[in-house]
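Read the structure below first, then the notes.
The first chain written gets the first letter, and so on, giving A, B, C and D; residue counts start at 1 in each chain.
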Amino acid sequence: MAKIQPLGDAVAENLRDGDFAAFEGFTHLIPHAAAHEAIRQGRRDLTLVRMTPDIVYDQMVGMGMAKKLVFSYVGNPGVGLLRRVRDAIENGWPNSLEIEEHSHAAMANAYEAGAAGQPIAVFRGYVGAELAEVNANIKSVTCPFTGEKLAAVRSVRPDVSFVHAQKANKKGDVLIEGIIGIQKEAVLAAGRAVVTVEEIVDNFDDVHPNACVLPSWAVTAVCVVPGGAHPSYTHGYYGRDNASYVAWDEISADRDRFKAWMLENVLDASPDDYADRVKSFRSAP
Amino acid sequence: MAKIQPLGDAVAENLRDGDFAAFEGFTHLIPHAAAHEAIRQGRRDLTLVRMTPDIVYDQMVGMGMAKKLVFSYVGNPGVGLLRRVRDAIENGWPNSLEIEEHSHAAMANAYEAGAAGQPIAVFRGYVGAELAEVNANIKSVTCPFTGEKLAAVRSVRPDVSFVHAQKANKKGDVLIEGIIGIQKEAVLAAGRAVVTVEEIVDNFDDVHPNACVLPSWAVTAVCVVPGGAHPSYTHGYYGRDNASYVAWDEISADRDRFKAWMLENVLDASPDDYADRVKSFRSAP
Amino acid sequence: MSGVHPDEMMTIAASRVLNSDDVCFVGIGAPSAACNLARLTHAPDITLIYESGTIGTAPDVLPLSIGDGELCDTAVTTVSVPEMFRYWLQGGRVSIGFLGAAQLDKFGNINTTVIGDYHKPKTRLPGGGGAPEIATSCGEIFITMKQSRRGLVEKIDFVTTFGHGVGGPARENMGLKTKGPTLMVTDLAVWKPDPETKEFTVETLHPGVTREAVQETCGWPVKFSDGLAVTPEPTELELTTLRDLQARTKAAHAGAA
Amino acid sequence: MSGVHPDEMMTIAASRVLNSDDVCFVGIGAPSAACNLARLTHAPDITLIYESGTIGTAPDVLPLSIGDGELCDTAVTTVSVPEMFRYWLQGGRVSIGFLGAAQLDKFGNINTTVIGDYHKPKTRLPGGGGAPEIATSCGEIFITMKQSRRGLVEKIDFVTTFGHGVGGPARENMGLKTKGPTLMVTDLAVWKPDPETKEFTVETLHPGVTREAVQETCGWPVKFSDGLAVTPEPTELELTTLRDLQARTKAAHAGAA
């Protein structure tokens, strides 16, 4: 059963130096508060996986927490490149960063296979794509019926996954709605799963029977962090702070400015600060 | 875009002699009316696929429409064996019936792979199970990372699939709720898909964003047949006619009694008859 | 306790091995009755999963099929069948798989496929359904079935579902990490596999049942545990709860609501 | 028409090739603007799919990311990302994939991965995202990008996304059944691959654009169609609709609602 506990405790109990860790979210529901807590706790040598690492991964990489990045699209969506990730890859600042790069289809299939307890995902993919030549973790199998060559990638099975969701009930069951992305797979593929939520409600009696619900026993910890996705968003609670994404481009352009921003907004902040940050983006009730 | 048309036309246009055809439904939403229409139209030499062929497949087999059955559980759920299927397999009446038998996990994976456009499904399965020795369509591939032997089965890609669903909107988008089973995969894996529905509504404005909706352009035909799942059921519309499932055991025990029942209840019936059959099982509005 | 039917004793004894922390993949029939009885008595928070995709169900009556409407109405969530088999079963999220059997051997290998030859069957049975991968993916397997010489046999006609194979370390040798059958509850006794040989061994006899009665309804020479004991009598609560459940179920399945 | 910016001409020309029957997998940026302009003008029933899982969206403003909330609010349905890639993209349900590019060669092969060496990049770009399998799974591929000598190059630094490879029957030789790039719309011209060689060839020049302007902004010797024509001017409706859309978008993304 999920332990309902403060975010600081959940991160301390579930994220260890050297872990293979996912902080997933596909534009929607990105677990910024959880990642910031991990930054405050100073975890190191992480292998970070995400389909679409964006500014919160830029922050973790810039803070020197990552030794490796596994991804399929690394950018600030709709804005541009990630300057801290670039600095790490191109210049080794603050440390060199190993990368393992895939396509979205491969990563989606690999998370799916991880949730399904399988060692690999097999699919028609990477045809003619040069990634297959530079990533030794892209292999192939031969269809035993037709002889067709199919792509094979290892399933993604993180030590721990962090996701943000709309809400939990008192038992610790978790509800995710809207752009559900790869949230369910990230949780089910992982050894441990920490979910930040906007609120805890009494029950899910009014929830659609086929809604995306993670039963309490499939989750390790649930933490209430209102606004915990900011500047990403939570469908039904608050909208995306697009201006913050745009502003990041300039903040991250300079190492010192980046460090100052992290000190003020992350290191000196706490999980209680997110509710305020989303105030002006709240949906009409 | 889905053609909204009478069931007789949809079956005539989409089901041909010799087809590889699915009439799917996992206890819930079994497309009895569509299968009965296929019986009335006298299609022959079908290869029928379904995870859980139950009494409507017993009827089709007993009427001599099938040359082959692909399945993972063939029975009258909670009641017993299928007597017409047994008669075909054990005694060749009314014709011999080839079978291709799998486990549920294999069939579920194979439909999923079919919907995903893949030639095979690869998974950990059939370990120690003798089916792998009697079914030449169960093969294996070797994991190129670990050397583990994994089961491989051909994906299921029917020429045509028939499913029942709650409702469509005027554009022909289809909504499925409750035990959604393998309905979506059966439709997406197939070359053509015919969906019977309880009703057509103006729009789906009040539908949950993550509900199981098949867009009109993924469906070939939509036919309004109220009660079209009877004696199976439609969540939110009417309950399962358990007594009919129990009664089938006796009806199907005798070849002549079976034929008489089929004449009266199927051959001499029409799609308009199903609404009456579910009258006493209707949910409170 | 007088007036307890062997079927009732079987269901009650099976229900006792379950608890609120279990996540249980439920087969229809006797397993379903035992799991729901556990939920209605000592294991209110047990998670019951039916292969139709219903997770965490709490039906008021026993389902006739694995996909009855009430399973969905009372579930925590209902997922597609591919998701059920991929994420929840193969994903290793289920602690206990609860299976019945048509034929079973002393190592817990199960046949639900055919009596006779596969290609020329004397009796064509329903087949494996979910069982082949339930048996390998769930943490452990409980089996419940009525004893008979046709059911408990020296050699099953077809290995639908792998138990302990030829016994001993057969499962590990196949690369399986799960425990396989760890318990069998029949209408006469509770059996557990021998820790070494994996042969099913009688641990307790249900009240009033003799060793001879167990042997007479079993096709192999039965081994009895050194510490053979008697299964505790059904409690009043167990019996009443089971009978109420069965009565509600019978009424609900008799015809139209 | 005076006062039409080349970017506007590009978006408008790209929008014209789409119609209401199309099922279109939309990349962010210029493709998104073109697809939504088509929807708001001559193709009201076009199905737009974003890789975030939103199927059949109709946003009032252009999304900044592929997962903005409005895409879900206005979608026919929103599915998980694995389902999006498995059932909808790999399943062959998408007729048109609409891609942008950082670098592109004359056979429509695309680089969005690195400038320079992969292992020692001069500039690390975002990577392929969905593009590698969009390019092979969709019925055909439309490309839209602004012309420059850095963008349209003789040899791309990395083949992120396969177009027509070395040209000719390269796709068939790889076992691909889909058409690959069939159209490119730039800020200066509309290009189509030569039926034989598959080399992109200029079909129409946007109003006021010269052959020389196209050649100056392209890194390979440009081929022009024998029937070279002029792209029709934007209509009033096209231009007004696009400008209104861009204005709404700008206001929405500027900050808090």
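Criterion: contacts are C-beta pairs under 8 Å (C-beta built on N, C-alpha and C of every residue); 3 or more make two chains touch, one makes a residue touch a chain.
Please read all numbers here as calculations on a predicted model, not as lab measurements.
Considering the contact criterion stated above, the chains in touch with chain A and with chain C alike are B. More C-beta pairs in contact connect the chains of A-D than those of the other pair, out of B-D and A-D. As a whole-number value, the distance joining the C-alpha centres of chain A and chain B reads 39 Å. Centre-to-centre separation between chain C and chain D, using Cα means, comes to 57 Å. Chain D has its Cα centroid 28 Å from the Cα centroid of chain A. In chain A, the residues that touch at least two other chains are 112, 116-118, 123-124, 148, 178, 180, 184-185, 209-212, 235.
In chain C, the residues that touch at least two other chains are 72, 78-79, 86, 90, 137. Each chain pair that touches appears in this list: A-B, A-C, A-D, B-C, B-D.
For chain D in complex with chain B, the residues that touch the partner chain are 21, 23, 47, 55-56, 72-73, 75-79, 86-87, 90-93, 137. Put simply, chain C touches chain B in their complex at residues 28-29, 51-54, 63-69, 71-72, 78-82, 84-86, 89-90, 113, 118-119, 121-133, 136-137, 158-162, 165, 174-176, 252-257.
The part of chain B that touches chain D in the complex is made up of residues 1, 112, 115-118, 173, 184-185, 188, 204, 209-213, 215, 217-218.
Chain A meets chain D in the complex at residues 26-28, 51-52, 71-75, 77-79, 81-82, 85-86, 89-90, 101, 103-105, 108-109, 111-112, 123-131, 134, 148, 178-182, 184-185, 212, 233, 235, 239-243, 245-246, 280-281. If you check the complex, the residues on chain B that touch chain A are 116-120, 122-124, 137, 139-146, 148, 150, 152, 154, 177-178, 180, 208-212, 235.
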